[in-house]
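Each structure below appears as structure tokens.
Two complexes are shown next, each including subunit A; its partner changes from subunit B in the first to subunit C in the second.
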Partner chain A sequence: MKLAQQLALAAIGVAALATVPWWGSAVLIQFGINALILATLAQSWNIIGGYTGYPSFGNSVFYGLGGYGTAIAMVQFHLPFAAGLALGAMLAVLFAFLLGLPVLRLRGHYFAIATLGLAEVMAAIVSNLEIAGRNVGLVLPLLKGDALFFELSLGLLALTTLVVAWISRSRFGFGLVAIRENEEAAAVMGINTTLYKVLAFALCSVFTALAGGIHTYWITYLDPDSAFDISLNVKMIIMAVFGGAGTVFGPVLGAFLLSAISEVLASRITSMASLFFGLVIVAAIVFMPRGFADLIRRFREVGWRYFQENVKAHRL
Partner chain B sequence: MSAILEIRNLTKRFQGLVAINNVNLALEHNEILGLIGPNGSGKTTLVSLVSGTLQPSEGSLLFEGASIQHVPAFRRAHLGIGRTFQIMRPFPGLSVLDNVAVGALFGTSGGHHRLRDAQEEAHRCLQFVGLNNRAAQRADALGGPDRKRLELAKALAMRPRLLLLDEVMAGLNHVEIEEVVGIIKKVRERGISILVIEHVMKAIKHLSDRLVVLNHGEKIAEGKPDDVLNDPQVVTAYLGRKRI
Partner chain C sequence: MQLLWQVLVNGVLLGGLYALMALGLALIWGVLNIVNLAHGALIMLGAYVCYYLFTGFGWDPFAALPVAMLVLFCLGYLLQRYLLNLVIRAPMFNTLLITFGLEVVITYLAQIAFSADFRTINPSYAGANFPLFGATVPVVRILAFGVALALTVALWLLLVRTRIGRAIRATAQNLVAARLYGVDPRRLYALTFGLGAALAGAAGSLYGVVSQINPYIGAGLTAKSFAIAIIGGLENPLYVLVGGLFLGIAEALTALYIGPTYTDVVSFGILVLVLIVRPTGLLGRTA
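Let's look at the complex of A and B:
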């Protein structure tokens, strides 16, 4: 399927999803908001992790900054929500530029480990800031309107996905993919690798921060530990990789599927849910390491042999 | 005729090891200069210094009269310096066409800005090296000889003014070497200056206008191919001293 057709299909999907608040139950809408936020986070991670090949564990910092920007603007300065989102996004972009420049010089595991520390550092800093409510956190004004938050999250996911679709067919995106595939060769072919990496990091930070802002206003509360939660970053990566990192729709698919699976497991077998969730992920990595998007693409040609081949490739 | 590339007193040290030792070299416009030397003599290091993946310890580099030793690699590509890698470095996950399109999208003076233009250019380059029928394949599905052609096509798509070829004939058979020699000659007809590193002596002798010989990072000979290859110092470097 061509990208244009896929986008048309996605537009129909978005239109259908947009009707959910009219007929869905409160539980479904709340599940939907969470799933849409997670999909946006996985899709944003896709820009730096999937396309550029830098497995960032620093995205939860962007998420937290988005949340804190929104909370500080609304609680301390009594500004409207939109201004809060803008402040959060600005903080995240600033952070992406300041830290991207040194941290993006590291590659592979070193980059992952360096970014892993960032969330802890930010949580510690924020715990000592009066304006951010120290380690008690901030309570935002209550807004009863799950429908609004649902539509906002859906809009943000659609926007993020459109940007990723543009990346996949643009000169900028080709530059990012070239960096992922071979950074030295990319530089020799005329790609300003430092600039491209930092731009990708900043772009991914914007959408992550916006998602953080929406989520924070929705649950009306945040503290340092929940804002800079590294396990959220792990979720983004698992969802993006499960769906297919470096593809336009993979991370969204991965986030929806895994959200649904974890929801079903949590309601059926509460105590063992995370164990089964872990099993699902291990099975996915063994049977479809290139993600769901690749499975869909190749299953038609190869059939069941697809799984067999992946298992064999693992043994080698 | 002025030189397109001038290397002056270039030295590169890796900690204690002197990989390039005070080398002077000039490449004229539209010339094919062959760079030969035994294994470990510093040929690839020299190419990396010119393309910008390595920084020199001392000395200067001039491209079309302007100093470039402080210019980052990507900007040297914009100026018109293209290279191939001896250890082939395709973008393995991309199709052959898109590999070449990256060269056309960036490359000299920033390259094409529209993806479609770049892919058309990439098609032309693939046709030029005879790899058009493989355009849709993934680059890591190519065999050795085709990867060499891909490297060449990627560098050509950059529309370089100076092309640095690092062992594009290694591992090819006679017929394939003939083809690549033909391609390189055609490239020169487009007005591109070429620096070739090669081990296949027969090919480089016919191809090059001049030869430069490196040994232990130093230039030991320079001149017409026939003269250079009969130079006793060069023979010693390659075969060792005759003991009677």
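Let's look at the complex of A and C:
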């Protein structure tokens, strides 16, 4: 399928999803908000992790800054929600530029760990800030309107996916892929690698921060541990990788599938959900390391041998 | 001055244990190029092996430590031989994720098997201490420090002086060349991972003696081990020791002069700074 056809299909899907608040149950709408926000996070991670090849563990910083920007604006300065979202996004972009410059010089494991360290530092700094409510956190005004949050999350996911679709076709996106495949070669071909990487980081920070802001206002509460939660960062990565990192629809697919599976498990056998989550990660990395999108594409040709070939390709 | 001296002593004693925690992580990372996110979970398992030998059979924790090492060695060997070897040639990011998956599974199983309660290993001499130039030194801490130091030096000797150690170092430098000289990488990788896990088991036993354990301590310990391995450098066990001591003292001084809530800011701040300024570690050769 061409990208235009896929986007048309996706547009129909978005339109269908947008009707959910009119007929869905409260539980379904709440599940939907969570799944849409996770999908947005996975899709934003896709920009820096999937297309640029920089496995960021610092996206939870953007998420936390988005949440704190919103919370501080609304609680401490009594500004409207939109102003809070803008403040959160600005903070995140500022952070992406300031810390992206030094950190994006690192590669592979070192980049992953430096960003992990940044997330820990941010959590510790925020829990000492008076304006952010120290380690108690902030309580936002209550807004009863799950339908509104659903539509907002859906809109944000659609926007993020559109931007990723544009990236996958643009000169900018080809530059990012070139950096992922071989950074020296990309630089030799005349790509300003530093600029491209920082722009990708900043772009991913905007959407992550907006998702953080929406989620914070929805659950009306925020503390440093939940705002800068590393396991949320790992979740976005796993959803993106499970669906297919570096593809336009893979991360969304992965987020929806994994959210649905863990929701079903959590309601049936409560305590097994996290065990299952761990096992899915292990099995997915062994048998389908290129994600669900690749599985769908190739399974028709090679059938069950697909899994065998994946194991053969990477074992010692 | 008195207080500063006491804080420095505490920092050094803590730093020795930190170094042992990071040692296994650094070994696996340096040789196998796997950043083992399940390392902290292995430390936690080692602590529980020691705890159950202590409470169930009345063993002294320092006598239970070798058993914990053996159990963890076997677990590590099997994990690498039958699971991680399947993905070792995949992009580094995949091995990172699979060890995260293992961490989740191990933590979950531990929570089922051991319950989420806090536990401590409390031998009869747990409260004993002695003075050292005016500072008070708890006996268990100095014992833990001694064991950590001995194991670090033992690993260094193993790597430098023995045939196995040479094979491990050769594989770390060049897998193809090591293979040509008759090293079987499947077994050697499993052996190296087993060694790293055994060191985690030892660190866990000591951690259980000087602190509290529960099934969720793993993730935090992994993060700390990272910081230490990076600050010291991966090439040499003795570098990791320096990294551990450095971080132990830095944290103790932070707690004294800035406030105990800032220790994480300082340790991870140092981590990020070292990564940016000297990615090969404070003592490592520059690339």
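Observations on the structure shown:
Just so it is clear, the second predicted complex is superposed on the first by the 314 of 316 C-alpha atoms of A that agree within 3 Å, B and C clash if a C-alpha of one lies under 4 Å from a C-alpha of the other, contacts with A are read in each partner's own complex, and residues count from 1 in each chain.
The criterion applied here is as follows: a residue touches a chain if its C-beta (ideal position, glycine included) is under 8 Å from a C-beta of that chain, and two chains touch if they have at least 3 such contacts.
Quantities reported herein were computed from a predicted structural model and do not represent experimental measurements.
Applying the stated contact rule after C-alpha superposition, one finds that A:L265 touches neither subunit B nor subunit C. By the touch criterion defined above, A:G108 reaches subunit C but does not reach subunit B. A count of residues in subunit A touched by subunit B and by subunit C gives the higher number to C.
In the superposed pair of complexes, A:M189 makes contact with subunit B only, with no contact to subunit C.
In the superposed pair of complexes, A:G278 makes contact with subunit C only, with no contact to subunit B.
In the superposition on chain A, A:V177 makes contact with subunit B only, while subunit C stays out of contact range. Looking at the shared chain after the overlay, A:A132 reaches neither subunit B nor subunit C. Of the two partner chains placed by the overlay, only subunit B lies in contact with A:R169; subunit C stays clear of it. Taken together, the subunit A residues at the contact with subunit C in this complex read 55, 102-103, 105-106, 108-110, 112-114, 116-118, 120-121, 123-125, 127-128, 135, 230-231, 234, 237-238, 241, 271, 274-275, 277-282, 285-286, 289, 311, 313-316. Those residues of subunit B that touch subunit A in the shared complex are 51-53, 72-75, 77-78, 82-83, 85, 89-94, 98, 101-103, 105-108, 110-115, 118, 154, 158.
Residues of subunit A that touch subunit B in their complex: 169-171, 174-175, 177-178, 180-182, 184-193, 246. On the side of subunit C, the complex with subunit A involves touching residues 29, 35, 83, 85-98, 100-105, 107-109, 112, 185-186, 189, 219, 223, 226-227, 230, 259, 261-262, 264-265, 268-269, 271-272, 275-276, 279.
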